[in-house]
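What follows is a set of structures to go through.
Paired with subunit B in one complex and with subunit C in the other, subunit A is shared by the two complexes that follow.
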Partner chain A sequence: MRIRILFTSLFLATFSNVAAHAHAFLDHASPLVGSTVASAPHEVALTFTQNLESSFSSVQVTDANGARVDQGKAQISGNSMRVGLKSLSPGTYRVRWHALSVDTHKTEGSFTFIVGGR
Partner chain B sequence: MLRSSSCSRAFALALVFLALSAAEAFAHCFVGPRFFPATLATDDPCVADEMSLPTVAWSKTGDVPAATEWDVSVELSKRITEDLGISIGDTWSNIHQPGGFTQAGFGNLETTLQYQLLKDGPHELALLLGLIVDWGGTGAINSGLADRWSTLTPTFYFGKGFGDLPDSFGWIRAFAVTGQIGYQFPTRNFDVDTGSFIPQVLAYGASIQYSMPYLKSEIRDYQFPDFINHLIPIVEMQLSTPVANNFGNSGLTTGTINPGVIWVGTYFQVGAEAVLPVNHSSGTGVGFLGQLHLYLDDMFPTTIGRPLLGGSSAPPQQLKF
Partner chain C sequence: MGDPLAYVRAAHFAATIVAAGVVIFEVTVAAPAFAAAGGVLEAEVRRLRRRWAWLVWASLAVAAVSGAIWLALLAVGIYDAPIADVWRDGGVWTVASETRFGQISLVRLAAAALLAASLPMLKRAANPRPWGAGAVVLTIAVLIGPAWTGHAGATPGAAGEFPLAADALHLLAAGAWLGGLPPLAMLLATAWRQKEPRWATVTAIAVQRFSLLGVISVSTLLASGIANSWYEVGTLNNLFATSYGQLVLLKIGLFAAMVGLASINRFYLTPRLASGDAVLRLYHSSLAETGLGFAAIVVVGFLGAMAPASHAHHHAAIPEGAAFVHIHSNAGMADVTIVPGRVGTARATIRLWNGDFAPLAAERLTFTLTPPGGQPISWPAAQAQDGSWQVDVVPLSQAGNWKAAIDAGLDAKRRLTLDAPIVIEPEQ
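Our next item is the complex of A and B:
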């Protein structure tokens, strides 16, 4: 009986008002995380599991020497973020992103991709 | 009497949960790009707004003949500030002896005060200090499932992801370890009921875990099915060794090793582990441990998912890129 009271109380409290927001995880990237692409991509596109706060989310792409190869400010819409790239030569590139989901949860991450099969 | 106090406690626990509804939010255990899931047998290295509801364990005791034990636990964790948190939890146990005799009831109420010492994102390192208090006399003493005395356990927790290894380490970077070590001080030295000394105990545990979400988003996206990409295979270990005031008792280390897996979702996680006793004193055969764990900071980001104090009402600082 007492267990039932406890569980019922907590379940009612827990599920009575669940908001549809959470941390934004990287769901998909183009180029794929860790992939090797034969030809240089023109942009990096990231898709997240939650909608993003555009003013506080960002992405940058750097080459093996740490030099920026993206074209600046990312375009952010809904749960996606994309940034144009300069002309890339064969090599390894790192994508670093920061995301703020619409309920102010912050996440971050980075990954590499390789151009030209090197 | 016992029934009345247990009902009151159940209501109190629910009311505490409801009352903590007016503060500010950030995260459960994110450290840089690393997410440490809530572990089942040990504790993760972060203060957080979360709830285990329930944790269910089944095992056979080390008695001869072995008794069957069911444990159902509930734990609620709440941040007071960004770095300071409290937890409150309890366990209901049912131990069935082969001859038909059954003990059932609550254990003592357990609270934990925790302080986040460090979250180092680039090195995926988290350090945490805690004080666990098992409140004597709050459980089913007459059933033999709770002690009359309290126990204080200062505990140190850590978590370390291997994502800061060079890229050449590849898939190995998705591994992480967590651990905890605590020293239990009972508030009494001698149990007059059983005529035995009450030992001071070193309680320690660890986990090694492999994060498929981390592999997918940080190292290489193999385009596995979505279900696979949410899994964190894990092996936990929890042990305790009497180290002082143990005259006349066995000094044997007891504990379990628990291989299992955790599925991590957006608002909750589900974990299941086998429970393997390390020796006969720790149990008999293979047991089971399962848990549903709720991320309150994600479920209720504007209410109970926030710290009670110190949360900023200002917008976050704009990232500079």
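Our next item is the complex of A and C:
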């Protein structure tokens, strides 16, 4: 039985290789996802699980009214994406990101953070 | 099974593998075998080399056309727009020039064009040795380029380097073994028709050398595959439960059958080459191996296309005004959608995925929401026909950062528990 499991694993190992696929998911963020920060951050920095295609990845930060509070185009390098912020007043902000991983899979997501402990 | 990208990928890999396999076979197997037989067979050898050159040309043409379609389908997916719009607005060229997939595709196309242009040297030459080294370099570039646009190639930092090497070796070994089978079959067919003693010498040397190439290739396929699943250990879990896993099983079966046939060739037919119809049987066996190998490549096409296909579904499944969170862990992933995502009564839908974005089967699922500063409330979710889990009535008492938690029983022993914040908007 042990031998059978070993061989099954070997064959599976051979073939799961080619089939492997990945998507760029958010690994960690600053400010932290869902966090409350005491002072207004100057930028949002996102780190992903895969390297990104810079021409096809983006991030936007909006306030509770949906108005943009980021400073435009994000800087993208390897698996990280960062965008500067305008000066934020206390409130809830939403970060929306779109990513295309180097292995050409699209992902997107959003999270919020709160400034000023409101 | 209707995803066109699956067929395009399969056609592209098959064509690339054949083109590369013929070149590698010519240089490492056929050329030494012909040299050993002397110049007597020159006319037949030239005819055979001409046919191989045509096979490489045709394969490169199929690879180029399927590669272009692949790129176009990718651009359609990236821009989420009809092909006519993407083409008119230059989106295909932007994807070709600004993504690594596109840039590597262009390098591979250039290498394929140079290889195609060099083929008259193979057709004309009695001894194509000067052609061989350059052709092998070009063919390897065409063959292993996709490794840099796969999972390993997208993995950040040093963690991606070892799996990248394993991917490249995996492609190289597949090209050398599977791609070498059609030219081997053509050589065996010629030898069977000629029935000339010198062809027996050619056949014996060619079969012996191809057998060595096969052993090295199968070992490399196993070693590179083991290395990568060590890295990708999460993919072993859902082998029997998901359609993705069942396709992997199908491919394992095809590979096992190929290795079985190769073993018969190596240990039963090869020692009997001098007698009777062993050459003809070896020819038939090589054709059967080729058929199994190409079936395996079709499976690869589907395996590769499943992830983006599932993802397109997931992408389309987020309705306007919904609260949505994707929760990702090594054990599995969940998409939680709450519609409408604001204070009031809503419906929650949960989809479970494995690490490859294939649906993850579960026997039961409990969904828990915790309001900001409040106590958690749990509901047993019911499974809908499309495999998603639903809670029809979810009262949302207040706006803010809630916590969504999932406790799924995958089978009698395994549980998947995930949680993440989810934002509920104020009442409209």
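Note that in this section the second predicted complex is superposed on the first by the 98 of 118 C-alpha atoms of A that agree within 3 Å, B and C clash if a C-alpha of one lies under 4 Å from a C-alpha of the other, contacts with A are read in each partner's own complex, and residues count from 1 in each chain.
Assume a contact is a pair of C-beta atoms (placed from the backbone, for glycine too) under 8 Å apart; a residue touches a chain by one contact, two chains touch by 3 or more.
Please read all numbers here as calculations on a predicted model, not as lab measurements.
After overlaying the two complexes on the shared chain, residue contacts for A:N51 are found with subunit C alone; subunit B is out of touch.
Of the two partner chains, subunit B and subunit C are each touched by A:V33.
Once the two complexes are laid over each other on the shared chain, residue contacts for A:Q60 go to subunit B alone; subunit C is not touched. Once chain A of one complex is fitted onto chain A of the other, the partner contacts of A:F25 extend to both subunit B and subunit C.
Touch criterion met: A:H105 reaches subunit B and subunit C at once. Contacts of A:N79 after superposition: subunit C is touched, whereas subunit B is not reached. Shared interface residues of subunit A, touching subunit B in one complex and subunit C in the other, are 9-11, 13-14, 17-19, 21-23, 25-26, 33-34, 49-50, 55-56, 100, 103-112. On the subunit A side of its complex with subunit C, the touching residues are 8-26, 33-34, 49-51, 53, 55-56, 78-79, 92, 94, 100-112, 114. Listed in rising order, the residues of subunit B touching subunit A in the complex are 3, 6-7, 9-11, 13-14, 17-18, 25-27, 30, 32-33, 51, 53-54, 72, 74, 76, 92, 121, 167, 213, 216-221, 223, 266-267, 294-303, 315-316, 318-319, 321.
Contact residues of subunit A toward subunit B in the complex are 1-3, 5-7, 9-11, 13-14, 17-19, 21-23, 25-26, 28-29, 32-35, 49-50, 55-60, 98, 100, 103-112.
Every residue of subunit C that touches subunit A in the complex is listed here, in rising order: 74, 77-78, 94, 98-101, 149-157, 166-167, 170, 221-222, 224-226, 228-230, 232, 235-236, 239, 244, 247-248, 251-252, 255-256, 300, 303-304, 306-308, 311, 315, 324-326, 328, 356-357, 401, 420-421, 423.
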